[in-house]
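Both of the next two complexes hold subunit A, though its partner changes from subunit B to subunit C.
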Partner chain A sequence: MSITVENLTYTYSKGLPNETRALENVSFQLEPGEFAAVIGHTGSGKSTLMQQLNGLLRPDSGKITVGEVCITDPSTKMTEVRRKVGLVFQYPEYQLFEETVAKDVAFGPKQVGMTGEKLDRVVEESIRLTGLDYEEVKERSPFELSGGQKRRVAIAGVLAMKPEILILDEPTAGLDPSAHRDVLELIRRIHRKERMTILLVSHNMGDVAELADRVLVMNRGKLVMNGTPAEVFSRGEPLWEMGLGLPPATEFMERLKDRMPGIDTAQLSIEDAAKEICRYLKGRKK
Partner chain B sequence: MIRDITLGQYYPEQSVIHRLDARTKILGTLLYIIELFLVNSFAGFGLVILALGVLIGISKVPVRFIFRGLKAVVFIILLTFLLNLFMFDGTVLWHWKFLTITYEGLYRSCFMALRLILLIIGTSMLTLTTKPMELTDGLEKLLKPFNRFGLPSHEIALMMSIALRFIPTLLEETDKIMKAQQARGADFESGNLIQRVKNMIPILIPLFVGSFRIAQDLALAMEARCYHGGVGRTRMKEIVFSRRDGVAGVLLAVFLGIVIASRWMPLP
Partner chain C sequence: MEPIIRVENLTFEYRKVSPEGPATSFRAVDGVTFEVPSGEFVAVLGMNGSGKSTLAKHLNGLLLPTEGDVWIEGMNTREDDHIWNIRSTVGMVFQNPDNQIVSSVVEDDVAFGPENLGVDPMEIRRRVDEALQAVGMYEQRLKAPHMLSGGQKQRIAIAGAIAMRPKCIVFDEPTAMLDPKGRHQVMDIIHRLHEAGITVILITHFMEEAMQADRLIVMKDGRITDDMPPRDFFADRERIQRARLEMPAIIALREELIRQGLPVDASVQTEEELIEAICQLQ
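After this line comes the complex of A and B, so read on.
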């Protein structure tokens, strides 16, 4: 499913002393099945943008179209929009509340009217999709799981609604490296298997470079860059100025440039960086 | 929305009221509450409103900001109003089946609603103009004489300030959880009363768990900074009464006199 955002503007606490412009004239378009990442400094409007996309916040002006439906139209039914656009909040494990994992995951689909065998099947599928052992966790309390497991249960809860677009707000924040890898792997798997359109908010440039087809850069409520990871991360200077950074491999290459003039710094992964260095060194020997 | 609740919030501003000693303001608020219950006429309320208006003016807190806090308690005010409206015997003004509105009931309910509104606005002025830290310090000093009777004044003050401090945090948390559950298809706006209460469970449980988490983190952070209760604890900024507080005290006393005197005046 595609998303089209046109001239979106939103202000918090309108008319009060703490009025803040959170989004200013944001426009972009995502194709069905595309994997986009949103990066930006804290307070740049990323989270606000995410909440606009499934109708939790209503824009002051502008238009959002999801698939065929214009969700900023006041007559649109929000429950349907929220089913189609799954939103995984930051620290989603804090929203778990049921006695068992299976019941918690079933909450969303139940709300949209799924029942009986179909519900059970969807719950099992979603839990398995996140890489958890369904038989082992289904009857356990979500509160006794580990941090990484809890987060996966929370993501399963959103997946169970069978969304066609998945938005994840810093899904790996605060996880240990192995849980971090698991969650990334899970996102990649979902994208590949379900062909969902994915929008990932992240502060980890390495993850963004690895996963995304497209990078959107937000700064002070404005969309300032929109391109492939290679395009965006070739512009180190402006990214630094916005308080952002480069993927580790690109940054390494940037620093190497002084010692190895003429090396191609546009490398996003460690493997590519290694290859480029080898190529450069071989070239120099000749 | 839920963020509109201003109860217990501080509004940073440079004003005489903000600079007053917290003890003066606490005692003043206490006096104000007593006065509200001493007043027995609408004219008396007029006096109180006038005084409150002047106070708000001096404090520079925007009126709109104060009234936003009322929105959250509109339901309680309305309930008080309606209960009083139908509960009094007297001259019948309007009658329909089992519902009767009397002149006395109308008078009474307006009176009570006004009292409640003034109570909320007046007391919220205390927290709006006093930093939670100052409030605690003031309260602790005021309660100190009762230590002799086994009252743990430091602990009480600390508990109160923690409660105040975490109101906005918990509201924010509630807002976040509500949104997260809405994103999962939860609906808080429709259904009958029982249904709606049931719909609250997905908010209340995470909130409850969350507050335990916050409490635990806070306790740990306090211990890490060697907190060991009030015994032998000194403070960086000792609070002292100044001339301002003397003036405020005199004004408060005069106003109390006026309110008491108004009880015997033949006012509407």
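After this line comes the complex of A and C, so read on.
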């Protein structure tokens, strides 16, 4: 499902002394099945934008169209919007509350009237999709699980709503390296299998470079860059000025460039960085 | 000299009371022993649930051991008489700044700790100003904390800890919720505090941060599995895998270069060293 955002503007505390322009004329378009990452410093407007996309906030002006439906139109039913656009908040494990994993995941679909075998099947599929062992966890209390497992249960709860667009706000924050890898793998799997359109909000430039087809950069409420990871991360200077950074491989290449002029710094992975260094050295020897 | 932190055979069990059946317990820390000499910078790594945070909460008496003892400058955390001394010796900074800020004005928040210790008002003023300058937030002293960014809030939380004039600060994943710039700034402050002689315990999931410490403690299932300089730990691929951690990016790159046939020395660990090693091959 596609997303079209046109001239979106939103102000917090309008008319009050602490009035803040959170979004200013933001426009972009995502194709069905595209994987986009949104980066930006704290307060750049990323989270406000995400809340607009699933109808938690309404813009002052501008328009959001999801598939065929204009979700900023006052006559659009918000329940429909929220079913189409699944939002995984930061630290979603804090929102787990049921006695068992299966009940927790079933909560959302039950609210929209799903019952019986269909419900059971959706719950099982969603839990399996997150890489958890369904038989092993279904009857357990979500609170007994590890941090990474809890987060996967919370994501399963959103997947069970069968959204067509999935928004993940900092899904790996606070996870240990192994749980971090598991969650990245799970996101990649969802994208591949379910062909969902995905929007990933992240401070981890390495993750962004690894997963996204497209990077949107927010700064002070404006969308300031919109391109492939290679395009965006080739602009180290402005990104640093915005308080952002580069993926570790790109950053290293940027530092290396001072001593090896002409080396191609546009390397997003460790493997590609190593290849480029080898290529450069071989060229020198000839 | 008495080490600032001495932990002996520390075991901590969380008790779980369930409506049906008897109470069960979970051993979060299991027979841990170590010492930290004054002025050291120690990083603690380990998976979620390995007992790092539970251990940290013992270092200023927020939790008391089920078995074993914790001494801070020779004071046992079990003794009620010492608890205020212990808490002003060891400060804590947690992951989420929003849970640590209590006032609606930045400088009041920083003053909260010393006020509760009954410090003289003139002295409080001095300490608050110093602490805010130390974290680069003096200009924002009259602002409302909720108007600040995550990184700025975390710096306020650190200023609150500094205003207590602690000899040691325990940071429990202080950068987990911050953007890249906020992370850099918080790490810079941690280094400066360490250089000023404060003992630093840094719990983190970022290998790059752990690399910057003098010493690395790795926890798994409530026990210490490794205790050595980070250089030694990250030189040992098997150890890293056993702890289910990962290589810092620079070391991963070094390994990849070696794998692709470049004769880079396997002892290279920092960015500067790796750049130097690569340039020598030109």
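Note that in this section the second predicted complex is superposed on the first by the 286 of 286 C-alpha atoms of A that agree within 3 Å, B and C clash if a C-alpha of one lies under 4 Å from a C-alpha of the other, contacts with A are read in each partner's own complex, and residues count from 1 in each chain.
Quick note on the criterion: a residue touches a chain if its C-beta (ideal position, glycine included) is under 8 Å from a C-beta of that chain, and two chains touch if they have at least 3 such contacts.
Note that the coordinates shown come from a computational prediction; the quantities given were computed from them, not determined experimentally.
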Subunit B versus subunit C as contact partner of A:Gly86, first or second or both or neither: first
Contacts of A:Met161 with subunit B and subunit C, given as first, second, both or neither: first
First, second, both or neither for A:Gly108, with subunit B first and subunit C second: first
Which superposed partner A:Val69 touches (first subunit B, second subunit C, both, neither): neither
Contacts of A:Gly148 with subunit B and subunit C, given as first, second, both or neither: second
Subunit B versus subunit C as contact partner of A:Gln95, first or second or both or neither: first
First, second, both or neither for A:Met205, with subunit B first and subunit C second: second
Partner chain(s) touched by A:Asn54 [first = subunit B, second = subunit C, both, neither]: first
Subunit A residues touched by each partner, larger count belonging to subunit B or subunit C: C
Subunit A partner contacts - residues on subunit C that touch it in the complex: 46-50, 95, 147, 149-151, 173, 176-183, 205, 207, 244-246, 249-250, 252-253, 256-257, 259-262, 271, 274-275, 278-279, 281-282
Complex contacts: residues of subunit B adjacent to subunit A: 62, 64-65, 176-177, 179-187, 201-202, 205-206, 209-210
Subunit B-touching residues of subunit A, taken from the complex the two chains share: 16-17, 51, 54, 56, 79, 82-83, 86-87, 89, 92, 94-97, 107-109, 111-112, 143, 157-158, 161
Contact set on subunit A toward subunit C in their complex: 18, 40-43, 90, 146-148, 170, 173-181, 203, 205-206, 243-245, 248-249, 252, 255-256, 259-260, 270-271, 273-275, 277-278, 281, 284
